[in-house]
Amino acid sequence: MANDAEAKVVFERPHALLPVVTNYCPGCTHGIVERLVAECLDELDVEGDAIGVAPVGCSVMAYDFFGCDMIEAAHGRAPAVATAVKRVHPDAVVFAYQGDGDLASIGMAETIHTATRGENITVIFINNAIYGMTGGQMAPTSLPNQVTQTSPYGRDVATAGYPVRVAELLSSLDGVAYLERVCVDSPKNVRKAKKAIKKAFETQVAGRGYSLVEVVSTCPTNWGLTPQEAFAWMRENMLPYYPLGVYKDVVADGYADAAEAARARAAACPLVNPDASEEGGAR
Amino acid sequence: MSAELRIVLAGFGGQGVLFAGKVAAYAGLIDDREVSWLPSYGPEMRGGTANCSVTLSDEPIGSPLVTTPDVLVALNQPSYDKFVDEVRPGGVIVADTSMIADMRVRDDVETFGVPATKMAEEAGLKGLANIVLLGKLFAVTGFCSRETLDAAIEKCVPPRKAALIEKNKQAVDLGMGA
Amino acid sequence: MAEKVLMKGNEALAESALRAGCRFFFGYPITPQTELAAYMSKQMPKVGGTYLQAESEVAAINMVYGASAAGARVMTSSSSPGVSLKGEGISYMAGADLPGVIINIQRGGPGLGSIQPSQSDYWQATRATGHGDFQIVVYAPSTVQEMADVAFNAFDVADRYRTPVMILGDGLLGQMMEPVVLPDPVDPADLPAKPWATTGHKHARPHNVANSLYLTAEDLERLNFERYERYEQIKATEQRFEEYLCDDADIVVVAFGASARVARSAVNAAREKGIRAGLFRPVTLWPFPVDGLRATLGTARAYLDVEMNMGQMVDDVRLVVEGRAPVEFLGRAGGMIPTPEEVLARIEEINERIGE
């Protein structure tokens, strides 16, 4: 008979992740990030209250991987779908899981407006600077001079313009409560990424406003590199362009939530801050 | 009058053209008749001309858009010019002569010129030229009973402007006597 | 009997939707449906519902998709150019078998077109609201009362068959006021449960998924076959139409929505002249009232299809008539409304011809 120490479970599949085989390529970081999301749903004990929205892209099948209720959205529309789900079920934990083409190109309008409305949802954003599922085309986050199938001579900024830095862009919006950029290239960074994802969900549960975690990722298959080479390329080229860190945290800034921070930012505007002693308020 | 009365009311935006039309339509509703009310809509409503079509009938109404009106109520020059020739021969025109300087009078319709804007202002009923003209239309066509017209006014004036109900009724009186 | 009130078509659609238990509205401003959104923005907060002005028509319809997946009765409204943008989401709703009500208060087209009334989105509504093999139920009311009635009913039909339902109006019907008796309100709490909805499983059932993606061709084909079996059921039970003086009609005028009002006046005028004319008015454009129209073949010697477009529903009329009688077309476009006089003139012309 085995002793107690031997029987102790030290590692298992998160409950919120279903026991199915994913469609991800070897070395892809989607698997790591989806696992982190599932671990957070488990630890916060919200799987039963969670409703996830999957994108179009490599993680399109995420609705088969997560154990919570799931909705498959049209390309780029996950934030709009998530917005409505949260309005119907304000007590549910609603998240969108999106890639760079989905979130920052075809769905940019939905992304920005969902953020600025301060929808109390969580977005997990995978930025690997390429369209993976369709075979490696230039993404809104592809770096200048990056070679892709549709920028075969390297992304020419004179004709294709510049990449979008999503965390920086969204940090200017008042509806946002928490924004962090992380990566998952090492155990240490995986732990940091999980902390950020958990904090994002906690932000939602506390009703503080919109939260997004951008995960700088890799695409070994379409980059034409081994997983280790891909991480090295990411560290060398992507991290200088997309620096890791917290881009907005209204709690750390001393506010209860995004709404309070927004009022303080517009303190000089009487329409935003009607005198509390006056009857009636804003008109 | 025939069983169907087709009215066009036209003027500048802000002259209360749509409101006067709504009062006429409500009068029909109260009398349990078939009624329709159709506004012009879009950019022309903003600062330009506004008009509406009102039909009162004893039969289901076809198109709510009145193209050959039995009655034209015109509150300004451009509206008069635009619609004067569309009135059916034998029809009626009620026009605000304080706003229409150049009134080409047709000999095959009955035309009633009423200086409604001036009369309303002198009577302390500024802004109610529309109802003065509606009062005249009522006197000429008798499209409903006076009780019905008063009830329609009460229905159309929003509760927060209830003080205006009496003034509207006075404006009807003024128009009837004009 | 409930009180008769004077209401705009757009407002009657909105009020009736609220009474049907719709508590979620997502839209984007466009003329001539604006009053509908304005009405919702005023009333939704009073009943604990959500009015949300979306950043685009695309976002609005995808919010409808989300709210529907989450189990709510939900509506969006727009006008022609905006409905084109909604095509994506409507296709996804059909593919994921999600109910919802979409209003199109049509205006002249193509392109930005005009803001005046039109019926030029008939093909779009009945043939291709979006990509892929699917149909949606389409109602074409012709009075404000009927707008209230179909809006109330649309939510039941959408839920029963798990399909998007469109109400196809136009600027004339949306803007006009007529007396209307509104339906008695339903409490959303009393509506039938939706066990398929994504509401959070509470560890009490397997996870629900709202989805239109099937990478295995055999699976997707089977789902399409199943969906079309449901469409057959809809065709068998949901055809709606109105017949007016068709019993002995030599000439049957076919028209829907606003143009049917004009056609009705023309039919009355023709009868006064001793011409046996009648009006056949489809209330459902899909399913097209095939059975009802076919029944008119007993007496009809000619058909006149009247539309505010260049000739769209006339295709469906010809498919039913199958060459057994001539089908003529009279259309106005670009926001023009046909007059009873021009319709009457055409009826008289046809009458002379068939009399020969």
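Each chain gets a letter, A, B and C, in the order it is written, and its residues are counted from 1.
In the analysis below, contacts are C-beta pairs under 8 Å (C-beta built on N, C-alpha and C of every residue); 3 or more make two chains touch, one makes a residue touch a chain.
Computed from a predicted structure; not experimentally measured.
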item: Chain whose averaged C-alpha position falls nearest the assembly-wide average; value: C
item: Farthest chain (mean CA position) relative to chain B; value: A
item: Rounded Å distance, chain A centre to chain B centre (Cα mean); value: 60
item: Between chain B and chain C, centroid-to-centroid distance (C-alpha), Å; value: 34
item: Between chain A and chain C, centroid-to-centroid distance (C-alpha), Å; value: 39
item: Of chain A, residues touching chain C in the complex; value: 18, 47-51, 53, 60-61, 63-64, 66-74, 77, 80-85, 87-89, 92-93, 109-110, 112-113
item: In the complex, chain C residues that touch chain B; value: 4-6, 31-32, 115-116, 171-172, 175-179, 258, 261-262, 264-266, 268, 337, 339-340
item: Sites on chain B touched by chain C in the complex; value: 22, 25-26, 29, 32, 34-39, 41-42, 59-65, 67
item: Interfacial residue positions of chain C with respect to chain A in the complex; value: 24, 26, 50, 52, 54-56, 58-60, 62-67, 69-72, 74, 88-89, 92, 96, 198-204, 207-213
